[in-house]
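Once you scroll down, you'll see the structures, which are given as structure tokens.
The same subunit A turns up in both complexes below, where it pairs with subunit B and then with subunit C.
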Partner chain A sequence: MERFLTIDKGLMDNFLERVMEYYQLIAPVRTEKGVLFEYISGKEEVDLTYSGHTILPPKKFFFPPVEEMFVYEYEDSGNIRLYDLLDEVSKGKRVIVGVKPCDINGLLVLDKVFTGEYNDPYYAARRKNTLVIGLTCNRPMEYCFCAYLNTGPFIKRGFDILLSDLGDKYIVEVGSEDGWKLIKFNLDLFSEARRDDVEEREKLLMKVEEDIRSKGLPYFETIEGALREKFLDEMWDEYGKKCLACGKCNFTCPTCRCFTITDEPNPDLKSGKRVRTWDSCHFLSFTRVASGEVFRRDRPSRFKQRIYHKFVYSINEIGSISCVGCGRCVEVCPAKINIMDVIKEVTFGVKPLSAKIGED
Partner chain B sequence: MDKIRVGIFNLSSCEGCLVQILNLEDILLNILKTFEVECRVLGTIGKSEPYDIAFVEGSVMSIEDEMELKKIRGASRILVALGECACHGGNFLVKDFDVDEINEMFPGSQKWYSHPIERYVRVDYRIPGCPIDKEEFFTVFKSLLLEKFPEQASFTVCSECILKENSCLIEKGVACMGPITRGGCKAICPTFNRECYGCRGLNDDANIDGLLHTFKEKGISIQPYMLPSKKGEVKRS
Partner chain C sequence: MVSNPYLPKLAKIESIKDEAPETKTFKIKILDEKIRDSFNFSPGQFIELTVFGYGEAPFSITSSPMVHENFSITVRKMGNVTKGLFRLREGDFVGVRGPFGRGWPLEKMKENDVLVIAGGIGLAPLKPLIEYIILHRKMYNNVKLFYGAKTPKDIIYKDMFDEWRKYIDVELTVDFAEKDWSGHSGPVTVLFKNFQPSSDNIYSVQCGPPIMMHFVTRQLSSIGLPPEKIYFSLERNMKCGMGFCGKCMTGGRYVCKEGPVFNYSEVKNFLETPV
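Right after this comes the complex of A and B.
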């Protein structure tokens, strides 16, 4: 469905206001911490001018950091009753607006994991009841590298509506039937796009792509093979010394999806809930099994696991790599470990680590 | 069902962790409806009373503490170290570092000792923090009542900090201990713009050298008392 319209910037507020009458709206909000995706209570909170990305990706609204799945209860008869909380999840309809191409691709990766071979009904329900309004980038940030991974700045699918900022108006691409419905009922706010609007968007995105491509990274096809060759390379020991195993990179990554499951009894100790919580492959306890054995004891092997899962194992699992080049992991890493440096080092054999630990 | 006997004891400490337990009054009373819990709080241990679960707050700073602790261990099936003092020796240990203010205020204090209880007795479970997080205490307490040993996961304060979408203090040039500190406090200090000072102790496989390297690269200076030694125990003179 290729269909283009435009909307004046001044009318965007009206559109969002109407959307909010029928949907819960999630949008980028500028706070003192940075730009965050949040539930919106008034249209004036929405900020569609942000560059780069939000602190946590939209993943948190589809695969929450802490999620209650079901409640259990011991009855006096001795039976156990279960109440699935899935019904709660399925209630209500949401629209998330302002999702950047890398993050849209992040959701498409999660889709393959949670709705592919194994269907996760909680994730699937949230995806189903949420429309995605994308927003393309006018300016890449220091750590963006989507253009090397085919995950931006151009985007072909994964959105119901796609906005691009053309100065005084947005050009609007309709991506799905649901997206078209949202617009159809508010057609008074939109105009048909002109040919030069579409061309202007194309030019803008090409400029962004060029900017990113000055970073000198290899394209993603070469990364897998290079990694396979370098499995026993000493470089991993150096990264293992530098990495603080804090897990921030996993938690901010739009594609990291590992979790742990716990049962939490209620104060009556006869009932409780099963909870799923984000986990990180950098934590020592991540590979701990029932016997107490830990399979990845040393930090280099855990660091390696994140990189190899993203660029090698993931291809077997879901048919694509699990990195969309958003650059969040680079930005939040306290040790300033840069995944682009890792990729460069693996593929070119250059050593971008500024200083080796132990030498100072 | 037989009564489950629970004892809560304290050695040398400020009793702040006990206040955290008192702060749970509403839900704690709820538990008493299901389980018969006999609690003995703040008394010295009697002659030979057996306990199913003993919580011990405070560090060992005297022979009396040591004797009391050994009696508690002898009388208890499960022993839980409660809070930073019991788990690691506590904030008293600031005396072991050459801090002018402390030397002036407490001359000769380096001669005292403050030991984690694990140095004297076997500990079955630890609830770190200064003070403890009351929800964490409650989770452990519930699990133990159900004869379960909750897993102590090795996550960091940083991982909880990023879930709050805080901007990182290290980025702002502050010596935050979040990357090497065991999480569970929900990153309460960094959330209020105060650096983590590591009250929950080192996380498993904490990368101390790596953090020092990070501080050095960012030009962040640190005080000697902020430095844990490699063994995970605080160095003493």
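Right after this comes the complex of A and C.
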């Protein structure tokens, strides 16, 4: 379905207002800390002007940091009852607006993981009840490298509607039947796009792509072989020493989805709930079994697990690498480890200056 | 409504039996008759057991795959969930998910000798295999069990060996012998001393602590077993059982759904060395 319309910027507020009559709206909001996706209560909170990425990816609205899965409760008769909280998750319809191509691709990766051979019903329910309105980038940030992964700035699928900022208006691409439904009842706000508008978007995105592609990175699809060869390379010891194993890269990553499952009993000890919580492959406890054995004890092995899962194991798992080039891990790393440096070192064998250990 | 694979099926503890210090076998009955009847498993598969309020942990099924009324797990008191489980009594509620994973290669091993090697509580996932073989004894050639435990007290399924010896060879060893122990002593590898495979048609299956599997695998390779005939069951932190949580991933493979049983030739291709 290729269909283009435009909407004047002044009318976007009206459109979002109408959307909010039927849907819960999630949108980027500017705060002191930066731009965050939040549930919106008034259209004036929405900020569609942000460059680069939000602090956290939209992942948390589909796979929340803490998911309450079910409640158990002993009845007075001594019987036990389970209340599935999945029923709650399935309720309500949502629209998330302002999702960048890298993050849309992040959701497509999670789709393959969570709705592949097995179905994760919590994730699937939230995905099903949420429409995605994408937003392309006009200006890449220093940390952006999507163009090397084909996860941006151009995007072909994964959105119901896609917006591109053309100055005084947005060009709107309809990506699905559901997206079209959202527009068709509000057609008074939209105009048919002119050929010029489509061409302008093309030019804009080509410029963004060009800017990103000045970083001298390899195309990421080609690095699997080099990574396989370098599994035992000394370079990992250095990164391992530098890494603080804090897990920030995992928690800000649009495709990291590892979790743990625990019970939280209530003080009465007669009831409680089961929760799943984001976990990190960098944590020592991640692979610990009851006997105390930890299967990835040394830090380089944990550092490698994230890199190898993204760029090697993922190919077998879901048919593609699972990095989308958003650059969040580059931004947040307290040890200033830059995944682009890691990839350059693997591919070209050269240690980039910024990756020298102990010199920040 | 969508069925939720994270929701445990309610079950009750039917009986509890002491096996060894801090080690008990729990017989568990799923309450719903339909679910109970459709609960089929293959030797080597595992379940996720819920102890409400303590959480969930993976356990190998240790009972015979032919029994449908109930199933058993053998548990050593080790972590949070097992501590909770040891406080429960007969008739108490638990939850069950599964079975999960890939079990022992029953079909491939047919018409072959089978060498079963177990260390400590590692005999648990091999017991249903032994019972399957005994029930289909004619389909398998020479079958031998090498079992090692720390001390005679730590041997599990003590009352099973006489029955098993009617059908298969059983050799036991303990790391630390006591006065009344007349059998072998030393790690399970001492049982290989006079062992030579009688033909090339032999498979080995093993489960035990990682260090045991490391040396046993070396021993098996040195007597000529090819990597694709050396099988083991790997222990990992498996939270979901469906390849989602990522905790059991080893060298790119999900131990929960692709294993826990792997052969050595598969494992040798893992980037990470799991054994």
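Definition applied: the second predicted complex is superposed on the first by the 349 of 360 C-alpha atoms of A that agree within 3 Å, B and C clash if a C-alpha of one lies under 4 Å from a C-alpha of the other, contacts with A are read in each partner's own complex, and residues count from 1 in each chain.
FYI, a contact is a pair of C-beta atoms (placed from the backbone, for glycine too) under 8 Å apart; a residue touches a chain by one contact, two chains touch by 3 or more.
Note that the coordinates shown come from a computational prediction; the quantities given were computed from them, not determined experimentally.
After overlaying the two complexes on the shared chain, residue contacts for A:269 are found with subunit B and with subunit C alike. Touch criterion not met for A:77: it reaches neither subunit B nor subunit C.
By the touch criterion stated above, A:260 is placed in contact with subunit B and with subunit C alike.
Within the superposed three-chain model, A:312 lies in touch with subunit C and out of touch with subunit B [touch as defined at top].
When both complexes are overlaid on chain A, the residue A:214 reaches neither subunit B nor subunit C.
Subunit A residues in contact with subunit B (one complex) as well as with subunit C (other complex) are 260, 262, 265, 269, 279, 288.
Partner subunit C is touched in their complex by these residues of subunit A: 69-70, 72, 79-80, 82, 84, 86-87, 90, 113-114, 117-122, 124-125, 228, 231, 257-263, 265, 269, 272, 274, 276, 279, 281, 286-291, 293, 295-296, 301, 305, 308-309, 312-313, 316-317.
On the subunit A side of its complex with subunit B, the touching residues are 33-34, 36, 55-56, 65, 241-248, 250-252, 260, 262, 264-265, 267-270, 278-280, 283-285, 288, 297, 299, 332, 334-336, 354-355, 357-358, 360. Of all residues in subunit B, only 27, 30-31, 33-35, 138-139, 142-143, 145-146, 151-156, 158-159, 161-163, 165-168, 170-171, 178-180, 203-207, 209-211, 213-214, 216-217 touch subunit A in the complex they form. Contact residues of subunit C toward subunit A in the complex are 1-8, 10, 50, 52-57, 78-82, 93, 95, 210, 235-237, 239-240, 242-247, 249-252, 257, 271-272, 274.
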